[in-house]
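When the chains are written out, they are named A, B and C in that same order, and each has its own residue count from 1.
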Amino acid sequence: MRKLSLAAALLVGSAITAPVLADGHLQIVEGDPLELTIQMNHARYPVYEEDWPVEQKARELTNIHLKDVTVGANMRTDENTGKTEALNLMLAGGNIPDIVGSSRIKDFVNQYGPEGAFLPLNDLINEHAPNLKAYFETRPEIEAAIKAADGNMYYIPYLPDGKYGRAYWIRTDWLEKLGLEVPQTVEEFEAALRAFKTQDPNGNGEADEVPYFARQWPELIRLVTLWDGRSSGSDTYHDFYVDDGQLRHPYAGEGYREGIKNLARWYAEGLIDAEIFTRGSSARDFLLSENLGGATHDWFASTSGYNKLSSEIDGFEFKAMAPPASISGKRVEEHRRIPIKPDGWAIGGTNEHPVETIKYFDFWFTEEGRRLANFGVEGMHYDMIDGKAIFKQEFLDAGPVNRSLYQVGAQLQGRGYFQDYNYEIQWSNEFALEGIALYDEGDYLIDQFLGVAFNAEEQKVYDRYWGSIRDYMLERQQGWILGNGDVEADWDDYQAQLKKLGLDDVLAVMQSAYDRQYGG
Amino acid sequence: MVQGNTPAPGSAIESVEDTPDTLHDTFTDSRGSRLYDHFKREWQIYVMLLPTIVWFLVFLYKPMYGLQIAFKDYSIFRGVANSPWIGLEHFETLFSNDQFIRAVTNTIKISALNLLFGFPAPIILALMFNEILHATYKKTAQTIVYLPHFISSVIIAGIVITAFSPTAGIVNTIIGWFGLDPVYFLTQPQWFRPIFVGTGIWQEAGFGSIVFLAAIAGVNPSLYESAVVDGANRWQMMWKITIPSILPTILIMLIIRIGNIMEVSFELVILLYHPATYETADVVNTWVYRQGLQSGQYDLAAAAGLFNAVVAFVLVMTANTLSRRFSQTSLW
Amino acid sequence: MSGVNLSGIVKAYGAVEVVHGINLDVAEKEFVVLVGPSGCGKSTTLRMIAGLEEITAGNLMIDGRRMNRIAPKDRDVAMVFQNYALYPHLNVADNMAFGLRIRKMPKAEIATTIADVAEILGLTNYLERRPADLSGGQRQRVAMGRAIVRHPKVFLFDEPLSNLDAKLRTQMRAEIKRLHNRLGVTSIYVTHDQVEAMTLADRIVVMNDGAIEQVGTPMELFNHPANTFVAGFLGSPPMNQMKGVLTEHGAKIGDTEIKFDGFANGQAGRDVIVGIRPEHVTLAAGEQTSALPIELDLVEPLGSEALLHARFGNDNVVFKADTKGDIQHLSGVGEVYVPAPLIKLFDAETGHALNAKG
């Protein structure tokens, strides 16, 4: 944090169209701008670009200048390490910048914050951040979710907006061709899939249709919800879930057993992609464009886009359908947008301007700041029309909107901000919007488990047992689906083995952490 | 020698005879100055040696300092030095874990299969190349078998997954010709090891044959001519000349290979295995990756790595000793 | 007929012909040496006889059988290689037994054969050693032993002594000669060393540039070289060769006339090359000698003789002279005397001898 020389300040000032400090109500420091160093990492933007228009605008409004000092890069895509590689590198390097923003920052700050690597934010927020304070007052569960085991908050999260993530999708043109209605129950769903397999809806004379497929094989396991089972408690696969204040693991429940038994049957009967475990991320692209795939469970936005295939495949129509009713009649969409992500930013333990920094964080929760984070710069990327931020047409036309926004420094998930779903609606296609409307008609979503922060003892127990348990669960799960063993016959042994591997201990520490965090 | 400076009467003649050397020695003979002379004379050689020494220091010896985290409750923030000692706790964690034991067993089994089938493969290939007389054909064949080595593991895995796919894979297509049902090979635990070892051979046998081809090229051609005149056929020449001549190379490569027995090609396992095949596919490195690194337990990972290194060290020492005793060939 | 016969043997690699049609008859039990500068095709010829190189054209007969398409092992020849070609992983006994085992000779017979041959070669105490533990001469003997145990019709030697030092070479040369006298096997021996050729051969074949220059006994070749090449190749130091012109009574080299009779009649004015062997001159005038004025450069004493390096007109010449125990008297030599009957004449253009059979 060096003070800029006067000359440099003038230079920066002259580069910006509007006069510096023209309207000072968001200004955090007087006079010379304050420079804060930042490390920001995300697979899509490996460093913090100082010439992003959004950063330039933020400088103009707050008089705080972020200087990029990012080391390393989170370029790998594996779930955990890949996303925090740069953080580890930064910490091992010994220099912690004033602000650290990253994907998957939560566990990281909750582990190293109490050791002194990051500043606790509670008092700073209470005293200096009215907007953040107001937000957390309205959303106490968010505040609870980001707390570390010592009760402190160490990061300001990226808070996604909107409810829906994934949905059930089906080839409605095939249904029509075979004279079927959109399935409303698990039995009808099974019948539809079987019809896809046996009645040659793609009309090529071969039974090469793949009735149910998925890009991520756990989306097959998701179907156990059709037998009242659970597959995950959050938007992370294989996660714990909360049942009436009690933490449980979905892969140890009765509904799961029933679901696996039936999914194994579906698999044996060819209703499920034979290569579900190895097809990988290109499954959707390949099976839909080859006119082979019948149904899947995938994201609204990206999946709806495949309807453009209708120009190549006659009649192609891939529409969202409401979750089929389970055997007990419940309609559940287990996946949803989680209200809070483990991504965001934190204040480095050696920051000499914590007050200014928290004020800066607070700025992004002001109306202007939130709009800046969501839509970019007014007049450049969007215009205000009837009090609403509307993207300029040329901006929408310039390619994938998400990417365009990253490129100007907006919608950065390494920044703590509150997303505005309106940004997405403006470029969602009609099939996605139609699907979302369909899901809005019912009340299919269920509560999410927002995670816990362990203390050192709990962490030790969790680390010691959980990896083995998870491996064992997945190993058996795939085995049963593939027919290597029968879930009914193996179930008691399975439960005994889970106990032996320490599932009860893991659940106990989860529970104690949960009780502490969410007030039992 | 220094004594020469004050000659005793009896040694006078000797000192006279030694004059040129003694004079020189009297003034310069200390160990330090001799070393100085040596370096002054041979400094170019040491400059050439320097990069290797630096490489060893920076990439092998310095990291050894970090090995201590295997015995510590390591926190990146606190650093190696400031993390508290916890003794053998990580090793207890490892050996009380059935899956780790299973991973060790799997590692050894896969390595043993690799040794059994993967080690002779490049030798056989090299011998076969050696028998090809047509130069263009030989070069083409060599290039083709070298190629897979230069393909990244990710692509190799893609090829394997495609080849063994139950719906479109070539293997199942062929099985289909015989009227048999397709097999979903990559999810069957009993198929993982054959496929993995086979893939390894396909990828590396060609490139591995280079060292043996070089050894064969080093065999004196008149040995073969002499054998031809003596009436040996090609088969006899291979067994009685080629193989004995490259035996030292084979043994050295074998020792090195044994030293790497705990190092199963980690990326390829990661890319090819699934929970359904953990039973046979999970090796120490993948286990460490999942348990240690994915959850940031560097200390546990270091403990497993140290265990690997110790096992490999013992194995390579044993192999080296045996080889030295029985064939007079050894790494050191 | 027995022995080895080559008729019109040609070797070509693609378009490049390296041996241009060789005709040679080697009689049974004869020791024939192929000698010539490197690259003259002598080794290639030997390897064709062994069967290690294919014969492009011509006929190769061994013991009356045409051998062109016969595999090496069925030609009943044994070969000794320049670098011995010993198997480093086998001991001496196994090295010698190699060919016999390949031929499935009974074990007991192998053992006695090897014992006999080892005895002949003085290797009995070394049978258990590996080649790496032997001296150069011993290795050479093992290589020969390996050939001998086979009892072949023909021995082929490919420069077998060239890896030995000078002293050992002299010694082994004699051993080879004795061995041949004892075993009496047809032998063809390739070398680039004319001393080896002279000492070993029953007959020498001088080769150059893929063709035979001359065939004959060592003394025939020494005394009556068929051309300037042979004259220059055999003998140490080689024959002095000087350009000259025939006159009525001899030949004129520069301003000096050398007199000899009986040849120049009617051919005066013809360009020739005059050849004088270094050892044929004398320091004192005698009968039928011509004086050759020289400018002495250097005297190299060899013991009983000395080499006189000198200039004669535009040519550098070398002569030999007796020292009689002292070289002082040689330092003032201003002319040497050439005896007329020993002068060789060659055609200046073709190099062929003009007075070959004197």
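Keep in mind that, in the parts below, contacts are C-beta pairs under 8 Å (C-beta built on N, C-alpha and C of every residue); 3 or more make two chains touch, one makes a residue touch a chain.
Computed from a prediction, not measured in an experiment: that's the story for all the values here.
Undergrad: Work out per-chain C-alpha centres and flag the one nearest the whole-protein C-alpha centre.
TA: Answer by centroid distance: B.
Undergrad: Measuring centre to centre with C-alpha atoms, which chain is farthest from subunit B?
TA: Centre of mass proxy via C-alpha means gives C as farthest from subunit B.
Undergrad: Could you state the distance in Å from the CA-based centre of subunit B to that of subunit C?
TA: 54
Undergrad: Where the CA atoms of subunit A average out and where those of subunit B average out, how many Å apart are those spots?
TA: Spacing between the chain centres: roughly 42 Å.
Undergrad: Using mean C-alpha positions as chain centres, tell me how far subunit A is from subunit C in Å, no decimals.
TA: 92
Undergrad: Could you tell me which residues belong to subunit C and also touch two or more other chains?
TA: Residue numbers touching two or more other chains: none in subunit C.
Undergrad: Which residues does subunit B have that touch at least 2 chains other than itself?
TA: Within subunit B, no residue contacts more than one other chain.
Undergrad: If we count contacts the way the header does, which residues on subunit B are in touch with subunit A in the complex?
TA: Per the touch definition, subunit B meets subunit A at residues 75-79, 93, 97-99, 161, 165-167, 182, 184, 186-189, 274-276, 278-279, 282, 290-291, 293-297, 300.
Undergrad: Touching residues of subunit A toward subunit B in the complex: what are they?
TA: The contact residues of subunit A facing subunit B are 78-81, 84, 88, 91-92, 94, 107, 111-112, 115-117, 208, 274-275, 277-278, 280, 463-464, 466-468, 471-472, 474-475, 477-479, 482, 484.
Undergrad: Which residues of subunit C touch subunit B in the complex?
TA: 47, 50-52, 72-74, 77-79, 81-83, 85, 87-90, 98-99, 102-103, 146, 150, 156
Undergrad: Can you list the residues on subunit B that touch subunit C in the complex?
TA: 220, 222-223, 225-232, 236, 240-241, 244-245, 247
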